[in-house]
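Below is one structure; the comments refer to it alone.
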Amino acid sequence: MGLFTANNVWMLVSTVLVFIMHLGFSTLEAGFVQKKNVVNILFKNAMIIAIGILTYYIVGFNLMYPGGDPGGFFGFAGFGLDPGPDYVPIEYVDGAYTYWTDFIFQAMFAATAATIVSGAVAERIKLGPFLIFATLLVAVCYPITGMWKWGLGWLDAMGFADFAGSTLVHACGGAAALAMVILLGPRAGKYTDKGIKPIPGHSMPLAAIGVFLLWFGWFGFNGGSVLSGDPEGVSLVFVTTSLAASAGAIGAFFASYFMFKSFDLSMVLNGILGGLVGITAGADVISPAMSIVVGAIAGVIIPFSVVFFDKIKIDDPVGATSVHLVCGIWGTLAVGIFGGANFLTQLIGTLSVIGFTFAFSIAVGYAIKATIGLRVTEEEEMKGLDIEEHDMMAYADAVEGGSYNLAVK
Amino acid sequence: MGLFTANNVWMLVSTVLVFIMHLGFSTLEAGFVQKKNVVNILFKNAMIIAIGILTYYIVGFNLMYPGGDPGGFFGFAGFGLDPGPDYVPIEYVDGAYTYWTDFIFQAMFAATAATIVSGAVAERIKLGPFLIFATLLVAVCYPITGMWKWGLGWLDAMGFADFAGSTLVHACGGAAALAMVILLGPRAGKYTDKGIKPIPGHSMPLAAIGVFLLWFGWFGFNGGSVLSGDPEGVSLVFVTTSLAASAGAIGAFFASYFMFKSFDLSMVLNGILGGLVGITAGADVISPAMSIVVGAIAGVIIPFSVVFFDKIKIDDPVGATSVHLVCGIWGTLAVGIFGGANFLTQLIGTLSVIGFTFAFSIAVGYAIKATIGLRVTEEEEMKGLDIEEHDMMAYADAVEGGSYNLAVK
Amino acid sequence: MGLFTANNVWMLVSTVLVFIMHLGFSTLEAGFVQKKNVVNILFKNAMIIAIGILTYYIVGFNLMYPGGDPGGFFGFAGFGLDPGPDYVPIEYVDGAYTYWTDFIFQAMFAATAATIVSGAVAERIKLGPFLIFATLLVAVCYPITGMWKWGLGWLDAMGFADFAGSTLVHACGGAAALAMVILLGPRAGKYTDKGIKPIPGHSMPLAAIGVFLLWFGWFGFNGGSVLSGDPEGVSLVFVTTSLAASAGAIGAFFASYFMFKSFDLSMVLNGILGGLVGITAGADVISPAMSIVVGAIAGVIIPFSVVFFDKIKIDDPVGATSVHLVCGIWGTLAVGIFGGANFLTQLIGTLSVIGFTFAFSIAVGYAIKATIGLRVTEEEEMKGLDIEEHDMMAYADAVEGGSYNLAVK
């Protein structure tokens, strides 16, 4: 009973930590967009977590963990959840946790994929269409590909290794983001005849708060993926996760300094995230020393990847495709290099999930584009989505010490 | 020993989570006020948590848990705290926790009632009088009504159900807020002959940070109210709490869209809070499916309630009365509908606590108003409380790249 | 196994809490500097945590816990970490935790000393030289003085008491900060013929977020220093820590009101931190009632100390020397007054650590100053470090609803 309780406490603490990653994403994305689109990005993030939890309750969990024969491609255990009267706690490794713990921990992961998309498509997507896309992504696509590994599907049967989701969560979200960015096109004025125009984010403090909160939450994301409070397992994961994040910062620091000859805060922040995404697939099996290598390479990848996507006119205001898609692939392959997994299997696994998610996203996104449309008008984009879609400003700027007459609606 | 330790760890983690709700309230309220009153609201919130913990140590805990015969209306176990040499850990359900754990977990709750008030009376109350009122509310009023249920007083004897405090904490704070708003009157220029003038908050990112942190902390607020780390109990509470919060967002989304024809971020944020307040009384006994209903109704209530209070000229800048008073009542009654409690008992319980708190607040508030005054001068209100009461600005606006000569005091 | 798991879970939760203190320091320092130096301070803080964890892995942990004979002054167990195949969990008091838990918990502490420095030297130090100094401080100096007590060195053998590091962490960081401020000199225009010119911080919300997050993290900093989840021990530490922080706020409130006749938010915020630093050395042995006294005195110290340092032209934009050095000394001595330790031993201990750290910092700082230089040019200081060192602004200020043409690099 003591062990059961201690394990379950750890899983619930992890749940809380993964939850707060949604605040991390919110402030990161809010910081990296322009002042006129801040309410919009906050609105999306508040809705996504709500939609993610509810749809995971209604269909997602039962799509991702359908039970039945292992090795499959698709399964569904029915709508809604009910552990039933004969329910016994889930036994795992050195412990156990309850049915509801299992659900709520996994539910916190589900919304992540859509959140990754929201940053990449920021500043020009219409709210309604985005919410429809996000709902389908978290309710249908993410649980299906997640089942391939975590629901004991065909990738698990092949021996594919993805501890906490470099591929299943991050590359999945990144692939969906890439698909939507392609369908949407870049922000107006970003790529001009004279070259690429930087559109700087409106608040570096918000972005930095976001990255620290994401790292904070990642202790639950990776640490909770041990699925018990096993002391040796969780503490090792803490170490590999922290070393990779740190090495990601250092890697991005040097790489971006050599590329841009300046100390670029957004690169270092994304380097931390790259290191975290990179170690996520192998945090349980890669040694601390090698986790530094994995993280440093992820950090170096970041500025190159950001510049590359800009060159091919993939306009991603927050760098989500570089962080989540590119470093997600790297992290998955790294388990084949440093973590004892089969490299080819890792490659097949990550390409399958990315391919399915990309195709799903293009199909759904195209259907939305063809019917109700995906993109705001040029005028809306100019004026900002906050005024046009929300009738509100992020920062109502009453004159200091002056009248409080300013009314925005 | 393992079980005792695991339970106590959970109670301490919950304590930490409830603590950070005070940062959530701080940023939520700071975001919803004007730029010129931000220092003031932050100052109040920093003081309230300090006052709350100290007075709870000196008198509050012994007023709320006086021991002695159950079923009473008032009791007091004396000033200061000392577990004594013969002290044994508190046994509860499937576990135990220490005397000091008991105290510090409850102490984190105590300041909440006053914090709820601070948002509602923002932008026009004088600092000193507010702090006096807040001290009396948390030191005397909140522990007395809290004792009626949690200290095994007369409401507990009646069978009143209020798991984590929809009534005892939230409606209590909301009733005090309503009393003070009535005594204070609306902000200058809010209700004019031409209609109601919106006074938008100065920072939506701060408001959003607040709501996410409150949800984050609510896992400890509700989860810790299980009073042990009992796996089945705590994990169920996590699920009902999360589903209700999510449903609150969705409910407020649709209701406010139909009312205002725009995607109103502040409504969705308050919808999340409404859902959380709503499930708080019954998070342990309401089923996951029904918790969605409870949360959705709370979310729908929010825009209607906000508009209603504006119509009757109750000027509450952050919507605290709608979130905490109205949804607190709803949540308490909901246990009578979906959670097996007696509806009439629930009604009596919530009305008694609200009535006592309202009367206490009117009496204390009126006494302060009649002696040292409650409200700042019109000129101070125009200029902002930050300059007048604090000789400081929230955002000292040195010209970019220019001189750093700006001195505010 | 249940007890081992529960203890280890608590140590890992504490690790996470200490980690987020680095976000607290980041926002606190960012809030207290001018708008033009915000990217710079965020950049430093992101790098420091990365450098701290990596160097602690490479050399710090093995300098701080060298093993071998107790009572020594210096030891080193070699580069890198490897628990080895015969490793057994570390037994401590009522529990145990793993090797990696031990490392990662201590690693989170290591970067703190450098972070304390970054606030004090803000707005005029060059980035590269600062990072070199910070690396040496956390990799070499902090682990050596830390070993004197926590690595069972000569101060431990003398009976020196410093539970969670009023001296070993805070006064150490404060002494390094003082040394660097002396070498750097004050910000341009701070001390003029006409008197001292206040240079207000650019964002009080960021500063307040920082203080709340630091308090939040302190539950892990002090609570985790019990080195087990021992219910009686950790819960008592929670109570003394919270009471001291609260009393610090109240002490600073009254002291600063009597000194300045205004309600000074930055003093109250620093009062909370002073109370926290003050109780850190004796949180395990000072009674709750006496912890209020310790915290209140720390709070009263704050405004006096801040004014004193300004009078002797020690320009510390965030008050780090007052909070960490002065209250760190106070807290260490307080264990000799209220906690049963020998006062003289406490005095010797704190002076030794401060003396060593100060001398180390002067030596390293001077060597940097004499070679590559410490300080930015006057022009850079005027324009702000963000543009000059980072080619970036913290708040890219596109005109509301207007063009998004503003490019900063």
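A few notes on this one:
In order of appearance the chains are A, B and C, and numbering begins at 1 in each one.
Basically, a contact is a pair of C-beta atoms (placed from the backbone, for glycine too) under 8 Å apart; a residue touches a chain by one contact, two chains touch by 3 or more.
Since we're looking at a predicted model, the values are computed, not measured.
Chain B maps onto chain C through a rotation of 120 degrees [Cα fit, steps of 5, range 0 to 180]. Different-residue interface: chain A and chain B share under half of the residue numbers found at their contact.
Centroids of chain A and chain B (each the mean of its C-alpha atoms) stand 32 Å apart. Residue positions of chain B touching 2 or more other chains: 1-6, 9, 13, 203, 209, 393, 397.
For chain B in complex with chain C, the residues that touch the partner chain are 1-6, 8-9, 12-13, 15-16, 19-20, 22-23, 26-27, 30, 38-39, 42-43, 45-47, 49-51, 53-54, 57, 80-81, 89, 97-101, 103-104, 107, 127, 203, 206, 209, 389-398, 400-401, 403-409. Remark: chain C residues 1-7, 9-10, 13, 17, 34-36, 94-95, 187-189, 197-205, 208-209, 211-213, 215-216, 219-220, 223, 229-232, 234-236, 238-239, 242-243, 245-250, 253, 260, 262-266, 268-269, 272, 288-289, 292, 382-384, 387, 393, 397 touch chain B in the complex.
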